[in-house]
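Quick heads-up: structures coming right below.
Shared chain: chain A. Partners: chain B in the first complex, chain C in the second.
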Partner chain A sequence: MLPQEIVQLIGKTGEITVLEVEKGAIKKFADAVGDANPLYRDEEYARSTGFGGIVAPPGFFGWPTKWKSAMPFFSEIRQEVVDTIAKAGYSRILDGGIEYDFYHPVRAGDTLSALSKVKDIREREAKAGKMILSVIETTYTNQNGDIVAKAHQTLISR
Partner chain B sequence: MDAEIYPGKVLPPVVRHISQVKINLYAEASGDFNPIHIDESFASQTPLGGTIAHGMLILAYVSEMMTQVFDSNWLSGGKLSVRFKAPARPGDTVTVRGKVNSLEEKNGVLYATCGVECCNEKGDTVIVGEALAKLISKGTTRGSK
Partner chain C sequence: MSKQLYWEDIEVGSQVTPLSKVATTQMLVKWAGASGDFNPLHYEDTFATSQGVGKPIVHGQLKRAWLIQLVTDWIGEQGILKKFSCQFRAMDHPRLMKDMSEPQEGETWWCKGKVTKKYVEGGEHYVDCDIWIENGKGEKTTTGSATVALPSPILSC
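Moving on to the complex of A and B:
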């Protein structure tokens, strides 16, 4: 049985974080990851594609400082989960994987909002002993209300 | 244009040399200045023994490989599921590889399921997982340049 203070976290959401997606920042990101695709930097080329303009590479969801609390790796709600579970005696964190679903391209000029939620927390018995699996879901929505991407991060606490 | 996608098809690998300069550039672009990535004296005192690349930097390389093959069907409609197995460090050369494992139809849409892996030059797995991409309207979004 999970302690009540952990169970209470299931379904809890963090704060909505908003990010305006700028063309210059997309190029900076693409440069930093060494991706030479002109779709991320050449307006003329991007306009000639089905996208009709510059889009951001999918990796961009791991992005800037003010965006930090909306990233599954850094969200405050994730930290709350980690801290609460650590207090219950499971302080060692292991990566349980991350999943991204990309539904729509992110365009230069978009305003994205992101919301993280504790999707699930469950106990599991393994050979090495008891562990707790937590899933943080982050949903990214654009200014038209379209969900552009979702991320699910699984944390293993032992 | 993309060659045909079929089970067993090997995706063109993405090879990158990891340097502290590149890690610092990613820190600036992403706003993630965790000292484990950028502060060598701090990182050397941790169990990791030195700085490591951001996991999301390596994930961007996986996404680059998928975009090269699946183009817009990756950027909208792609699904990536990975686990981080080992850190990538400055001085490492990492190679992202992928292979189409199967083609499956779901609700009238054909999807390619690809196994993806990123290894360092010693053969250690950095990232391993699965990527799923739609196989519709292939090539129609390519630019004219």
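Moving on to the complex of A and C:
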């Protein structure tokens, strides 16, 4: 049985955070991946394609105003989940992976808003002992009101 | 850009064009800056040792980004990545640098994939595939799956 203070987190949403998708940040991200695709850096080339301009690689959503990182892995709600579970004695965190659904391209110059929600928290008995799996869902919406992507991130606490 | 891949080009069992990567300590520093993940686990020996991983490890998010590149390179500009997932199975340690730009000898990682399903739904032409990263010993350290929509010149005519 999960302690009540952990169960109470299920369904909780964080605050909306705004992300600016800057052209330079897209290039820097693609450079760090080692991805030379001109769609991520060459305006003239990108304009000649069906995209009509520079886009971000799938999985890059620009830089947020509130989180510490360009990834949703440092959102406040994630931290609250991690801290609450750590208090119950599971302080070692492992990345359990991520799942993305992509609906629309993210473009240079977009302003996205991201909302994270605690989708699920459950216990699992594994070879290595008991662990707690938490799923954080983050929804990214652009300035036109289109949902561009959803991310489901799994955290493993041991 | 590489030539466009079409739905007709693919069968179940087809290989995703492999992509090779060499993780270096320099690359991890670059990634930290580009992603904002400054966990010293990825660039500080003493800290990594204190965390029980021996040496600095490659960011999971970077490995994920490699797998996304594997898919987007393969499907070309007219292909659309619809769904993507990956899980981290084992840690990877970067090569150290020999000089300012060249890595020392060591492991090369290969991002690979295989088509598991091919279908049409709501007028779109989909392909599902399993994707993974193999380390220098051929072990899968990251595994995942992707669903892509591909253009179909024959069927859309």
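Please note the rule applied: the second predicted complex is superposed on the first by the 144 of 158 C-alpha atoms of A that agree within 3 Å, B and C clash if a C-alpha of one lies under 4 Å from a C-alpha of the other, contacts with A are read in each partner's own complex, and residues count from 1 in each chain.
Everything that follows uses one rule, which is that a contact is a pair of C-beta atoms (placed from the backbone, for glycine too) under 8 Å apart; a residue touches a chain by one contact, two chains touch by 3 or more.
Quick caveat, the model's predicted, so the values are computed rather than measured.
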| item | value |
| --- | --- |
| Side-by-side fit of chain B and chain C on chain A, or clash | clash |
| Partner chain in contact with A:39 - chain B first, chain C second, else both or neither | both |
| Contacts of A:15 with chain B and chain C, given as first, second, both or neither | neither |
| Partner chain in contact with A:48 - chain B first, chain C second, else both or neither | first |
| Footprint overlap on chain A, where chain B in one structure and chain C in the other make contact | 25, 28-29, 31-35, 37-39, 49-51, 57-59, 63, 67-68, 73-74, 95-102 |
| List of chain A residues in touch with chain B within their complex | 25, 28-29, 31-35, 37-39, 42, 44-46, 48-51, 55, 57-59, 62-68, 73-74, 95-105 |
| Residues on chain C engaged by chain A in the complex (per definition of touch) | 1, 21, 27, 30-31, 33-37, 60-62, 64-66, 68-69, 72-73, 77-78, 80-88, 144 |
| Interface residues, chain A side, partner chain C - complex | 25, 28-29, 31-35, 37-39, 49-51, 57-60, 63, 67-71, 73-74, 94-102 |
| Residues of chain B defined as touching chain A within the complex | 16, 22, 25-26, 28-32, 54-57, 59-61, 63-64, 67-68, 72, 74-84, 129, 140-145 |
